[in-house]
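Both complexes below contain subunit A, partnered by subunit B and then by subunit C.
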Partner chain A sequence: MAYVAVKGGEQAIRNAEALLAARRRGDPDVPELSLEQIKQQLQLAVNRVMAEGSLYDPDLAALAIKQSWGDLVEAAFLLRAYRTTLPRLYYSQPLDTGKMVVQRRISAIFKDTPGGQKLGPTFDYVHRLLDFKLAAEDNQFVAPSQATEAAIAPTPRALDTLAREDLITMPAPPQATEDGAVPAYGAVPAKNETPPPYDLTRQPLDTPLARDARLQNLARADEGFLLSMAYSTQRGYGTNHPFAGDVRMGAVEVVICPEELGFAVAIADITVTEVQMVNQFKGNQETPPQFTQGYGLTFGYNERKAMAMALMDRALQAKALGETVSNPAQDEEFVLYHSDNVEAQGFVQHLKLPHYIDFQAELNLVRQLRQTAPSSPPAPPTAASPPLTSPAVAASPAAVPATLGPAEATGACES
Partner chain B sequence: MTPPLPSSSPTANPMTAASPEPGFNFAYLDEQTKRSIRRALLKAVAIPGHQIPFSSREMPMAYGWGTGGVQVTAAVIGQPDTLKVIDQGADDTTNAVNIRRFFQKVCGVATTDRTAEATLIQTRHRIPETPLQPGQIMVYQVPMPEPLFFIEPSRTEANKMHALEEYGPMYVRLYEDVTQFGHIAMAYDYPVMVGDRYLMKPSPIPRFDNPKLHMSPALQLFGAGREKRIYAIPPYTSVKSLDFDDHPFTVETWDAACAFCGATDSYLDEVVTDDQGSRLWICSDTDYCHQRQQAALSDKPNALATPAD
Partner chain C sequence: MAALAKAPLVLLEECLKTLGPLPDYQLLRPSETGLAMVRGRSEGTGDPFNLGEMTLTRCVVQIVQPDHPAIAGFGYVAGRSHRHAELAALCDALLQHDDWAEGVHAQVLAPLQAAAQAQQAAAAAQTEATRVNFFTLKRGES
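Our next item is the complex of A and B:
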């Protein structure tokens, strides 16, 4: 019986795994990629995988990219499945991005601002012409001498200027709320008290959410999804008039303060991209007209994602700001439950798994519906019979002349 | 009601749980995570049919591949357990093989194909034909735990509806079927009412299996990994498939018998044997079918009908 294709599943799985490994390696005469090459020369891929994999580790991200045959969503999944086995020992202190050693810093709202404008390594003004010279190897590229030295002086955030004038609401640290309710916008936390942040890796996402959980979700979210959702707000589906207040990329110090030590310890320098959007807000009964902020932060150099994240953070403040929530990008449940590509890719692709039991059930049902439909089709090649049911159902549309429409058939059924 | 204790006690010593696979804890998850899942399971057992959020983890298989069931199994499995894994009723489908392989690797527990021998059965889309026994645990893989999702996609709203027992819209949906087709047109994942209180999705089992949920002597646990929900039906709990007095719930029947074992009381799976429309019907529960074939052979060694090739 050749049809029992599922027999020997274990051998098939092993073979598929071996075949994948061989195909991934490709022609053995071509030198194998090293993790160092991936880490250095595919750095933006590494950054994306670290951001969506929710783990800052360029070596492991490079390994994941190599192992996933270059499939970045798969690589993020590999990294997530690994990170979930790691113990959570400490929560870091909030990053101070004001002290970032910036490699790039742009403000689109002030021509000049303390810390200045610094283009850094960017595609922004590069003519997108295929560089055929790059196809040849052994190119030498020398960084301009000035650019190699990162600014050492602190670069204050451009939005602080607006905050001093009270023109923008700076978000407060998250409020502890027992029921997970969204705190009022700009609510002031209790004195000297910063409750531990919501942690999606330890608590299930459960709406309605406070902003800390939302930001964590967005920071791990699929870049493509965020990009398109953010784009939709610019095209009228939840317009909020954004300006790029401060876009910066560089190294920041990660500091922990272990209780057993009682003092702060810097444990790492990590590269992050931070975006603060300035958005118009017309005000409401309690709040005078002012600017609001959308915030984006990602691991690594991930500017497109950080900007999209900032737009989405602002769009999702609609409810708290008393704006009309009428577009997908403003709908917390729509955005946050569908933003995770590890979840999404799994559920979309699980349709590949066997479904023949459910399909058999549907097949039986559709054949039964067709048998009893007003326009009776030829008898199906089935051994399944309609379920034996009460007399009321036995006198269902099957007994009704084929000329009757569905409405009349229904009437006959209920008589 | 007080459910009997599961036969498989969780790992005896949580701090030193050893896995046969070096570098991983027994049953893959760390003990704190397993404990948090067991807390959710206890709540779920205490409120039959009610969905309990839990901090579902990324697993080394994709969401949609049974990560919820895998996490529940990992949380309750112990060294003395005997595990059976089925997908579509069969022990040898690729996904069942893969999950069984995973637990062999990270637990080293005994596995079996035989329903009667298993203390723990993880399943996707079927309930075995062999009646379950007291002390057995069924673990269901659940894709969408929320029975109201196609009526109310907002989880916040759906939670309110459950709290208020506001299940009218579901009955309206079923009634619309009755008016349109003369009967309820839901073939699988047919909604049930658990303990006369909570509307629940039984996972995408065919409605043929729904009656087996009712007053089952086994503990039935449901895990939805991607949706991060756990729910349960404790042993001997009333589980009623939604219906109307004048349109009672029914299950499908077949005119054919299983081509291998001749069963007429099991869920049959239609197999297309050529491109001319030829078909035959076989038991979807491979263990049940196999047991029946063995029994027939030992009764009358030559009597078993061999299917035509």
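Our next item is the complex of A and C:
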């Protein structure tokens, strides 16, 4: 549908924007929220905005949340818009999540997994009862602490146990290249060098896609969409029977290798959530029965999203594993094209913009059709009049011939 | 360089103050904010993929003194603080300067590393307090 631009309304638009700013601020007698408050006390919102905005910067995410009046999808949109104003200077070396300094680590498959189970700050096992003490201010909470003798050591992956028995395929640990770098997008791969990973910010989303592109898409996908799609696989629309093999959240080092410097340098520790799901796999003619896995990785503490991502990553491997693709969650095109909330909200919300000319055209068409066939029953949908095929038009009372009684008319509305 | 990049700016400024007057320097490349595409690996150890971007600020300074060869210092920090990138670059340059290296090591790097370690230990202790030992119950059927 073409969109015809409209003119006018400048003053009203300016005033609406000013009204929004004033309403967003709320009662001026109530102290204004500071970015630091949002960053500290609404950390999970900040994390979600960073993940879906696909930009790790807690300060900017907090600003976006404040500016968007707490609308997290709008905040993610703001971050996406902002990132387009900056040059991309570097590509990091792939994060070494094996060296994560964990703040939380659980495994639902092995009770005594090496590295232990540490609940960390979690809502799990907490009663979902409103805590009215929080409604009062000046709350003081002390974090329990237990000094440990052991030096901070990397936590081994729970799935390594399965890999040792050859019951799951684990990719070989990364081979250190000369500078540890992975080629940038656009770089011509040298002989025997793998091409750079797919980059959705620079390459079109064009299915079928390899797993690297799918993972990037899922990592920035809308949490609600991923959650529902993942849920559908568990309920039977995807024959997934997953176990949470390893769920961890903590800090990993980001390392870049600037050309002008000639060696690798760490620039920050960022918080990420990583999930490895274990799924049963019957095997096929070439592969003996074994477990397969789905992988989830997100910026920040975003456990629900990371788990949903891991389920979806596994569901989307259906084709590669020779499974029947019969459900929406296994359909790469369906999932990847509808997962991005910045795109989705844009297309859905553009319907609010003035469509006066478009609608006038449809209105004229419908009037014309009725004039040319005043007494005939509703015409079957034809290719020449696609708007009439839409259920809304077909089922509207106006389209029901006057010869039908009230009962039939109601039936037509409900169909 | 990692310690300088990861340090909170306030702390870095405080440590630098203890060094007294610093040598003059010029900005070879003034602070500039851009993005780094952060990559992950499927399964944590497999093929790389693009996870998302992060903001980053870089800066290059140069110390030129009559009796010394010119020294360039590089700073790369996460976020958008031009000041942080500049100070990190300056410290990097001072660390290559014979008269300053020792002082910067003792009065800047050492306190920054100590602070980072203390913070990490505190966080680790809090995590440790949530270590759980699940046990499975024997069911009645056997």
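Simple rule for what comes next: the second predicted complex is superposed on the first by the 335 of 415 C-alpha atoms of A that agree within 3 Å, B and C clash if a C-alpha of one lies under 4 Å from a C-alpha of the other, contacts with A are read in each partner's own complex, and residues count from 1 in each chain.
Convention: contacts are C-beta pairs under 8 Å (C-beta built on N, C-alpha and C of every residue); 3 or more make two chains touch, one makes a residue touch a chain.
Here the structure is a predicted model, which is why all the values come from computation and not from measurement.
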Based on the superposed arrangement, let me know which partner A:L365 touches: subunit B (first), subunit C (second), both, or neither?
first
Is A:Q345 in contact with subunit B, with subunit C, with both, or with neither (first, second, both, neither)?
first
Which partner chains sit in contact with A:K111 here, subunit B, subunit C, both or neither? Use first/second/both/neither.
second
Does subunit B (first) or subunit C (second) touch A:N327, or do both, or does neither?
neither
Using the superposition on chain A described above, determine whether A:P87 touches subunit B (first), subunit C (second), both, or neither.
both
Which holds for A:A268: it touches subunit B only (first), subunit C only (second), both, or neither?
second
In the superposed arrangement, which partner chain does A:T287 touch: subunit B (first), subunit C (second), both, or neither?
neither
Based on the A-chain superposition described above, do subunit B and subunit C contact any of the same residues on subunit A, and if so which?
83, 87, 201
Could you please specify the touching residues of subunit B with respect to subunit A in the complex?
24, 28, 30, 53-60, 62-65, 67, 87-90, 92-98, 101, 124-126, 143, 153-156, 178-183, 185-189, 204-208, 226, 228-229, 246-248, 250-256, 267-273, 277, 279, 281, 284, 307, 309
In the complex, subunit A touches subunit B at residues 1, 3, 6-10, 12-13, 77, 80-81, 83-85, 87, 201-208, 333, 337, 342-343, 345-350, 353-358, 360-365, 369, 372, 381-385, 387-390, 392-393, 396-397, 406, 409-410, 413-414
List of subunit C residues in touch with subunit A within their complex:
1-2, 5-6, 32-56, 58, 60, 74, 76-80, 120-136
In the complex, the residues of subunit A that touch subunit C are 50-51, 54-57, 59-60, 83, 86-95, 97-98, 101-104, 111, 116-121, 143-148, 152, 157, 170-174, 182, 194, 197-201, 211-213, 215-216, 219-220, 253-254, 256, 258, 260-261, 265-270, 272, 274, 276, 293, 295, 297, 299, 313
